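In the two assemblies presented below, subunit A is common to both, partnered first by subunit B and then by subunit C.
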Partner chain A sequence: MAIEDDVLVIGGGLAGMTAALAAAAAGSSVRVVSKAESSLGHASGLLDVLGRIDGELVSDPYRAIARVDTDHPYAMLGTDRVRQAMDWFDGILGDAYTGDSHTNALVPTIAGTVTPTARYPRTMAAGLASDDRSTLLVDIDRMPAVDAPLAAARLEAAGVPFSVRGASITMPGLATDITRSHFARLVDRNETIADEPIRDQLAAAIASVHDGEARIGFPAVLGLEQPAVVIDYLSAALDADVFELPTDPPSVPGERLTRLLEAALDDAGVRMTAGVPIVDVNAADGRVRDVRGTHANTSVPYRADQYILATGGLVGGGVVADRSTVHEPLFGCHVSQPADRADWYADTPAGPHAFPRFGVHTDHEMRPLEADGMPTFVNLRAAGAVIGGADFPAQHAGSGISIATGWHAGRRAAEAIDR
Partner chain B sequence: MPVHTDVLVIGGGSTGCGLARDLARRGVDVVLLERGHLTQGTTGRMHGLLHSGARYADTDPESARACIAENRILKRIAAHCIEPTGGLFVSLPDDDPSYVEEKRDACAACGIPTTVLTGAEARERAPYLTPAAEAAIAVPDAAIDPFRLCVANALDAIDHGARIEPHTEVVSIRREGGAVTGVAARQARGPGDRGRAPTYSQGPVRGDLVQYRADIVVNATGAWAGQLAAMAGLELNVRPSKGAMTVMNVRQVDTVVNRCRPKGDADIIVPHETTAILGTTDEEVMDPDAFDEQPAAVDRLIDELAALVPILAQARSIRSFWGVRPLYEPPARRTTDPTDISRAAHLIDHGHRDGLDGFLSIVGGKFTTYRQMAEETADLVCEQLSVDATCDTAEAALPGSEDPERLDDGMDRFGLRSPVARRSQQRLGDRTQAVLDGKAVNPAVCTCEGVTRAEVRDAIASCGADLNAVRIRTRATMGTCQGAFCAFAVGNDLHPAHDETTATAALDELLDERWKGERHALWGQHLAQAMLGYAIRGATYDWYGDDEPDWTAFAGGATDGD
Partner chain C sequence: MTDPREQPPGNRDLRPGTDPCYKCGTCDASCPVADVDEDFPGPKFQGPEQWRLTRGSDRDVDPSIMACSNCMRCDGACPASVPLSQLHNTARGQYVTNQQSAFSRPAIRNRLLANYRRGAALAARFPRLANAVANNRLLRWAMDRGLGITADRELPTFATQTFRSWWEDRGGADASRERAARNCEDDPPVVAYFHGCYTNYHTVEVGKALVGLYESFGYAVTVPPQACSGTPMFANGRLDDAKREHERTLAGFRDAIADGAPILTSCTSCSMALRQEHPELFDLAGIDELAGNTWDALEYLRVHEDLADRLAAATPEESSTYVYHAPCHARNQGLARQARELLADVSGVTVTDVGDSCSGISGTYGWKAEHYGHSMAIGEPMFEHMETAPGDTGLTECPTCAMQMEHGTGYEVEHPIVVVADVLGCGLADGAYEITERSG
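Here is the complex of A and B:
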């Protein structure tokens, strides 16, 4: 007997979770089956909609959608749907995030750059680069990825409209190679290290380098559970607005967002099955009949009326390449690609590369299309980075694409259910 | 004011560094000029095989004898740069079975010890070897780290009074009467003040023109030796030949594996630290600075070598790179296939050959025989300068190789995780204690290769703001992630010793260099890894943006601060 649902979402990243929430909100019974951790754990936690187009920084993401290529997922959706999806998603995010629907923000990062985004965690709000208040950046000497004095010097060189300085602190009680998530858990529990609660020790260490700056930036490691409480505590103790800087992986804000969405899925009654890769597909007459996952060497069948492919792009494993071809490994959906591997990449790391655009192409219903323009299966939709046509890192559009395509695919799947 | 010295050595590869060491130890005043960082040329882009000589035993016995002699010497004087992996020549069903005996006999004639193994015995030494292997010959091949070896030679040269000047490109050779009397070189502003001065990887060195005067100028520029000779108005028939290599993310073999057949491409796997390197190909090129790097060559390496070690077909390649052999052909021979050009070294006295005194060229040869090439060259230099000193480079251990027990103690003393400690010790040799003995917090900066901050800072202290040189010394950014996760962290350690502009330019140089090799391995898991690195730099950092925005137009959601 197969496990049965209205909608089966394959892949539990941002796109899959969004699709599941949208389908559940429309009244369907939904299950998400996911192989492994999603790329949200790598992602900064910022939610971009569209930050650059043809390399140019854009202030209003929705206005700029008109300029994307015709095979871009936003072109398929249209500006209105992207905006509706984001507005709906804001309701799920609640207080945890902020931003303005028509204006991007520039958020300073640990690398000493500013990055354009549409929504950012509230913990980063005091740090915006448009704000002209004096700023101190602080790092901990045992986290080698962050060097606050260098980051401050880079921001200054970029001409930010505020004075900025960096300083390093040391916290003797910590392990030499402490990870970000370990640090965040210590902060969550306010554990005592070197005879002092960690939040007090952190406040004291920062105070020793603070010189009256109006705001203080720290790498995004201030707790997984209640960062707002920690930030309020530190801000009061230091008499300055404390904020977080987005980091490279492992990303604490990415992990917080994962937890937030998992809680929302739980509330919506969506069933989550983690650690199970879907490996096999059974289809007939142009419809997916059921799929099989494997778990502990046994094969588990899942059946649904509608299926959503949200297995991610190259990072998630939804798009894979061997030495000569790029393909979508599960359903074998068509993926267009340059014939010669030498054309997959540019000679410099900045690009423009072809590989970030690898993925399936869909119709307005979000159904993957074959080379002849026909849907691969009538009851299969795609969402997120498995869809090609976008260079999300260059365009600063990653989360927006996952949210908008996930929302649309989830709603359409719910509408299509044969009752 | 010109810089005066007895001998100028041009080229900072194995040959040049070995020669600088040899001359300095004999008390000769020597300055070495290298246009990039040390090992920028072929030495930094080769397979890292310390030849036993078995490869050449049947076709080029003279080179084979030189290899086995140097193999024994280097295992004594440079043990910390060598992993004595041993090597196998493996015969497959397609190969001529009588060649195994031929090879064995040829090795015996050159004094190379061998053991003939059955296929099953060979698989005990290399479990992933194909079950089809019929027989193998075990030989004393080894893996050698060319970067550390050159640096050790350079350090010893400096200890004996030599000057080593990287980022200094010779642009003309000075002829007076019938002799070469010096060179003019462009020098990038020195380490520590390099600003945006480029390394050679970004094109010719710009910077100050410096004049050098010397009694003898030695051209040790390998594949570029023809270009140098042309600056002196001479012709030197160097025939650069390119070879591709690809680096796997794990080491599938713990011993060198060669295919046992007369000659051919794509027939050798060398384990190195945490990786295995597949090689190589052989194809003549016109210009050693500009040649095609074709993905097809990489595919061929993997396909052909998977016949020897089948799991290579599924394994993950993390980067590929090409080097150019400095093959030299004496006049009048017109060999068409570069694989037929002898690997022997050639020392050319241009006074003798062309009537131009004070100018020598040392070309061809192998990395394995660099010390012998240096000795032969230094003998001639000393003869011409009437210096009476004997060579001791075959006996004197290189810096970093003394007193291995002290390294073991370091492990406990510095309380490092053991693989990190072990590798630190291997890399630092007898300098471990001095480098790690600080009070400062010492986290691992590059976790794939277990490189700590102290090591990175130590390398920066001696290499300056050149992260590629730091990488070469420490292996930081050379593991599975190819710097996707750690390049920024490694770059952070430049600051504040170097200012922001310098630190940022050096980081971009490192990222560019990593990409050069990585782009040839963009499929399978490594494409996923490359996309991850690209997403971090693009989506998270916006690293490639360089606009001057109207800040107030980007105040989305800003609340009034006060």
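Here is the complex of A and C:
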């Protein structure tokens, strides 16, 4: 016997969670099995669809889909499906997110860059670079890797249409360096530090550097649980619109998104098993029969009617490169690649490289295809970065690809169940 | 044993255990101790950074390694699969062996806590006396001041009869085979139970429930001679002690290993030690076979028998409501949601999961006077969740998590195996023997 469900999703990132939600919404019993806790907390929390193409900023991501290469996952899905997937996903995000469906927003980051995105946490809404109101960016001297004066200088140099200034604050309650996630938990609990609740102390420290700017940006650390409440409180206390700027990992908005999706999975009745790498596949007659995971060295079988591969790309370990080849290690799906390893990279550091595009290629059913164009297994679909053809970091397209392919793979898997 | 920190000779690729760390800090964000203890530098420093710093130089291991509770949350958090807990166990072992005076107060205290089995074995011979003096205030004050073992906790109650003694009285393996045969058409398959210290000396009902449950599914239970799983020894850097105990367990389980019998545990820290920590750190005959055959007792039935279906069909007479806490050590074994999944289909049983917080006790960590405050601060979100969730009975697989849940809320805490055995009518409460014959 085995641990059995209708649909088994392998991988707990954005693509896997989306695929599971889509399959569950279509009535299937679904399990997500992942090798570790979700690493979606690594992500910025922004949800891009298509931010750049050929190096140019994109205004309408849906319209720009027409310009992607023919082997891009968006080309295979088509614009309508990408739009439907995002509209459906908006229902899961609820009030936590905002963003115009047809126009990318430009969100300033704490690194002093401006990044194009289709959806962004509502906590970042007052900070958009298209807004011309005067802006103060603030960091805490005890928080490593955030530097508001530097970020402000960079934004100014980039020619943003607003006046911007950066300042560092000292909080008497913080005697040693503090991580962003730790700070966020103190804010959640409104912990008393140096005899004063942290939210009050934060408001007072920011007020001491505030010089009438209409809005105040702060690194995205304003609590994991109720950032909107914290922002409202600070905005009222400072008489300015307070907003968050995305940070590098580990990212508080990424962790909030993880929690939001895990709650949605729970509500949908999806079962989740984390800490179990799937390492072995048992297949016969072109179908996956069962797979085996290791529970800390004990081999445990998982069986489903339909399987979804959402193990990530080169970074997540869903696609692996060694000294001679690139391969998909679990099911052995075909990964097309240049014959000569020297062609994996371009001559210039910024590319365009071949390696970000490595991954499986699928049919319209989202099934990975072998070199001869036949599905690797009839009941195996793929979602997210394990699918090749997109240079998603350069295109600012990773989230949209995960959501759109996950949605489509999850629905198709649910429809294919042999009842 | 593989050492993922080192490259195999002739291999120029990355060292798989240490080089993939790109210092993202996700482990630090996941660390319950770093969240409450400002002096603790976090798992990234204790693992790959400390390893690099101590390599090729005479730099010592930083003493802060002893403040790691070995909850292993960082293992599950790391996006690059760096074996953080293995690095921590090794560094802690080096610190205790090379840098800590064996006669210092913390060393003596930690040695006592890590070797709890020995003290418990003695106390269990006089359980009523042990229970009477265990919470004597003067004794506890002296333990606190003299040894640094907090007086703020209640020592666990000793059962009047140990699990092993009950097992022998009941007729041991022969009696179990006989009883299993009533529920089995052929020769009953054999399972070997690693009960661990806590079930033997304190929560004897967990072992009894396991025996009753397995016999009801037609399995003959054996209870081989065994020692401590090693969990408290790893957490206190006493690797030689852990190895010594495991050699005894491997000798006791020699037949089970040779026969390929499933080895069952009812404690998720015992199973973590047997499955992962021992094979990571030691090279002993049979160590990998034992690891590969070790199962959580409910997990084995779930995979090999129709446990889920039988639970779904069960109609318990009374309804019950539990607040469940997943032990940290259950997480990296894929077990964090098992109990609630299995009990979700039982009519009349409601289980609320209190979320992903750590209970804070981490075995011996919360018993150390200098960490008691940290331990309770880590546990605070769990206590709050328990109090807001419906029901006032706790549920968890880990005996020290249960101790902490009880300490923080006053709730009684049950073990999922006991609940499952009761639901299926094959529990062995109070030593009485009842069994439901399998129908069909």
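The rule we apply is simple: the second predicted complex is superposed on the first by the 411 of 419 C-alpha atoms of A that agree within 3 Å, B and C clash if a C-alpha of one lies under 4 Å from a C-alpha of the other, contacts with A are read in each partner's own complex, and residues count from 1 in each chain.
Rule of thumb we're sticking to: a contact is a pair of C-beta atoms (placed from the backbone, for glycine too) under 8 Å apart; a residue touches a chain by one contact, two chains touch by 3 or more.
Computed from a predicted model, the values in this text were never measured in an experiment.
Asker: Record, for the superposition on subunit A, whether partners subunit B and subunit C clash or fit.
Answerer: Overlaying the two structures gives a clash between subunit B and subunit C.
Asker: Please tell me which partner, subunit B or subunit C, touches more residues of subunit A.
Answerer: Touched residues of subunit A are more numerous for B.
Asker: Is A:Pro249 contacted by the first partner subunit B, the second partner subunit C, both or neither?
Answerer: Both subunit B and subunit C are touched by A:Pro249.
Asker: Let me test your reading of the model: by the given contact rule, A:Val276 touches which partner, first (subunit B), second (subunit C), both or neither?
Answerer: second
Asker: Between subunit B (first) and subunit C (second), which does A:Val209 come into contact with in this model arrangement: first, second, both, or neither?
Answerer: neither
Asker: Which of the two partners, first being subunit B and second being subunit C, lies in contact with A:Ser59: first, second, both, or neither?
Answerer: In the superposition, A:Ser59 contacts subunit B only.
Asker: Who does A:Ala268 touch here: subunit B (first), subunit C (second), both, or neither?
Answerer: neither
Asker: In the overlaid three-chain picture, which partner chain does A:Ser181 touch, first (subunit B) or second (subunit C), both, or neither?
Answerer: A:Ser181 contacts subunit C only, not subunit B.
Asker: According to the stated criteria, A:His42 is in contact with first (subunit B), second (subunit C), both, or neither; which is it?
Answerer: It touches subunit B and subunit C both.
Asker: Should A:Ala296 be classified as contacting the first partner (subunit B), the second (subunit C), both, or neither?
Answerer: second
Asker: Going by the overlay, flag which of 4-12, 40-48 or 382-390 in subunit C ends up clashing with subunit B.
Answerer: The segment of subunit C occupying space taken by subunit B is 4-12.
Asker: Touching subunit B and also subunit C: which subunit A residues?
Answerer: In subunit A, positions 39, 42, 176, 249, 317, 323 sit in both the subunit B and subunit C interfaces.
Asker: Along subunit B, where are the residues that touch subunit A in the complex?
Answerer: Going by the criterion above, the answer is residues 294-295, 299, 302, 417, 440-445, 453, 485-486, 488-489, 492-496, 499-501, 503-504, 511-512, 514-516, 519, 522-524, 527-528, 530-532, 534-545, 547-549, 551-559, 561-562.
Asker: Okay, in this complex, where on subunit A does subunit B touch?
Answerer: Those in contact with subunit B are residues 39, 42-44, 46, 48, 51-52, 55-57, 59, 98-100, 102-106, 109, 111, 113-116, 118-120, 125-126, 128-131, 133, 141-147, 149-150, 153-154, 156-157, 159-161, 170, 176-177, 214-215, 241, 246-249, 313-315, 317, 320-323, 340-342, 344-345, 347-351, 353, 355-356, 392-394, 396, 398.
Asker: So in the complex, the part of subunit A that touches subunit C is made up of which residues?
Answerer: Touching subunit C from subunit A are residues 1-3, 33, 35-37, 39, 41-42, 175-176, 179-182, 185, 249-250, 255, 271-276, 293, 295-301, 316-317, 323.
Asker: Which residues of subunit C touch subunit A in the complex?
Answerer: 13, 24-26, 28-30, 34-35, 38, 42, 75-79, 81, 271-272, 275-276, 279, 288, 291-296, 299, 302-306, 331-337, 341
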